[in-house]
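Okay, here's the structure, questions in a sec.
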Amino acid sequence: MSTRNLSILSIIVILVVWELSTSILNLIPALFLPSPSRIVLDFFRTMITPFAGATFIEHLLTSLYLVVSAFIIAVITGVTLGIFMGWYETFDRIVYPIFQLIRPIPPLAWIPLAIVWFGIGVASKVFVIWLSAFVPSLINAYIGIKMTDRTLIEAARVYGAKDRDLLWHVSIPSGLPLILTGIRLSLSNAWMTIVAAELLAASAGLGYMMQIARRTLEPSIIALGMLAIGILGTLMTRGLFILEKKLCPWREQQTS
Amino acid sequence: MPEPKIQFENVSKNYTRGNMVVPAVAEFNLSIYENEFVVFVGPSGCGKSTLLHMAAGLISPSSGTVLLDGRAITEPGPDRAVVFQQFALFPWKTVYENIKFGLRFKTLDEIEKRNTVEKHIAMMGLNGFENSYPHELSGGMKQRVAIARAYAVHPAVLLLDEPFAALDAQTRTIMQEELVVFGEEERHTVLFITHSVEEAIFLGDRVVVITRRPARIKEVIDLKDSGFMPDRRERSLDEVLSSEQFASLRTKVWGLVRSEISNERGNR
Amino acid sequence: MKVKYASFISIGGFILLWWLISASGMISPRFLPSPGSVIISLYGMIWEPFASVTLQGHIWASIQRFFVAFVVATGIAIPLGAWMGWNEKVNAVVDPVFEVLRFIPPIAWVPFAILWFRLGLKSECFIIAIGIFVPSLVNSRAGIRFVDPVLIQAAKTLGAKGRDILWHVSIPWSLPIIVGGVRIGMGLGWMCLVAAEMISRPTLKGSAGLGAMIEVARVTLASQYIIGGMLVIGVLGFAMDIGANYFEKKLGRWREA
């Protein structure tokens, strides 16, 4: 049997067994593991009737909005700073050690401090998400610039390129693939962080919705939230892949 | 006529690229006899490597058979040891362990294995490097290890796929001379692939010129029959290369190969 | 020489700046405790419990959870990943499920974990394990799958078959790659540990664990303990990463630079 068919068969079998053991045969209590049909039903239900204060789409958009805004700020600041640090030695020497000191602290560990500083609101969440997305963008941009092929720079200098030209016309384009990888990592970090942030302290959003669903013992909605997060994450990552292909057509692509 | 050691019987190989069928080898027939040193020479990409891989059992022919001692070759094995162009040494094993690797699958006791390995280390001039890792060695040394590894399993046939192509010219010359010396110490049936005409004439008993893709026999030149310098292997490479006989042979063989290259270019 | 000093000068300058700002009284100590108070509180925690246990108690609790999760996660991920990399059919069966689940961030599993295992050790370990699991499996699979084909050919021509190739070629080749994946997983798992503890511990009596500690510190507005806790978390995470990196380099010694 071809591998592709095996995969499809596997998905079907799992779905069938799942549905059977939960809703039809009741081998696993519904409280424990929601059935696929239940999840689909609740998907439509929450699209219409609000759950935990808002409809499913509203929760989704709240989360999405937060993530995207923090992500964009993080990428702009991270990439810019990374390029600066990679290109200008003195700047690197001053900032890099401080960065190395703060970096090992996981972004989520900043949540309590962020709440002390900014209160339980949007600002503290944006800060933590920004922090988690900032780091990979900076590091990858930094490495991308630092590791510019010396030969390319020499070739450009032979043709008369000066400092700024070298940065814009050699280092940044050649570092672009790495920068984009960093941006992808930033996105997945940002997604992870918002889930945690919303689970801890929020009044709307997918994470909040999942937390409430746990308290009201509706696991199908938890699953719904998880699937939404997973699918959105994949879609955004794929989107970035396509962007990378467009911006860097000279690179042989590797599948993730 | 004795039974051939290796027999290519009407061998063809096709590859499918998308909708196209690309023939790599077409109706190839050749017999190689025991203890013969046969060299395939031809333009790049002509399919000579494919022929070797089929003899090794790494690829199967699309039609026809390759036979060893009359039996069809279906899978790779130590009776047809291969020396690859890229050395293919296991980077996490030392020189000693690399050479010993092939013996693992043979029924010998530990002492015999150790003796075999040490003998081949000495034979290849690797003394002192037993515990070195491949990345610490130069290209020439790596290939020596690869050759030692192939010899150590006492194969019925030795298959060498452009083994010196990745080495610099100086190392290559030395390796060619050394290969001849080993050949005298341990006689094997050898199939050697190269794109260097000089190498082919120096090393081979018979030189088979391969056409451009799909691979066919253009011509077989029997160096024994033509009486070409029968003692050439006792001489140094430069002595041989500067002889008149060599020059005319070289012109002839190169002419054959070159016509295949210009054919290919003309048809582009 | 100069570079090394530059690091110390810059970090020293940073700490100095911090101290100056907090000492000037411009920002209340609740928002920015002085470096001194952070160190004193940390030191004090070695002798006197804060948030129910001493500093060592918190560290030990977190490390224990991490270790259990690590063993379980790598114990499953590495063999499974290797098997998936080795056998196309197994991969075809398992991969679809894995691809769907893998993009769900480990922390998104917290509500289910709490639902299934109740608040406490098991649910926390579950989350950490998921974090460690994914990169470990991905790298195991990739390492085994993408062994240099020439090496496999060489092994075959020397007489190796099937399982021999797996043990003698594929596994030695992919060992550094697998450890690299585990290392990434460890970083992820450590992050998940902090989050999981923050979410579930404080409501339990006996809230030991570094994540719990900083959450309790927040609720009691003891910022110096928050920052102190963050530093300890950072240092431990860093140490683990260095350890894993060392291991990875050692196993990949035979790879040329």
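Going by the order they are written in, the chains are A, B and C; count residues from 1 in each one.
We take it that contacts are C-beta pairs under 8 Å (C-beta built on N, C-alpha and C of every residue); 3 or more make two chains touch, one makes a residue touch a chain.
Keep in mind that this is a model prediction, so the values were computed, not measured.
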Where centres are the averaged C-alpha coordinates, which chain has the largest centre distance to chain A?
B
For which pair of chains is the number of C-beta contacts greatest?
A-C
Report the inter-centroid distance (CA atoms only) between chain B and chain C in whole Å.
51
Once you find the CA centre of chain A and the CA centre of chain C, what distance in Å lies between them?
18
Going through chain C residue by residue, note those that touch at least 2 other chains and give them in order.
none
List the residues on chain C that touch chain B in their complex, please.
150-151, 153-160, 164, 168-169, 172-173, 175, 253-256
Mind pulling up the chain C residues that touch chain A in the complex?
3, 6-8, 10-11, 14, 30-31, 88-89, 91-97, 100-101, 103-112, 114-116, 190-191, 194-195, 198-199, 211, 214-215, 217-218, 221, 223, 226-227, 229-231, 233-235, 237-238, 241
In the complex with chain C, residue positions of chain B that touch it:
56-58, 75-78, 80-82, 84, 86, 88-93, 101-102, 104-106, 133-135, 149, 153, 159
For the complex, give me every residue of chain A touching chain C.
3-4, 6-8, 10-11, 14, 31-32, 93-98, 101-113, 115-117, 188, 191-192, 195-196, 199-200, 207, 210-211, 213-214, 217, 219, 222-223, 225-227, 229-231, 233-234, 237
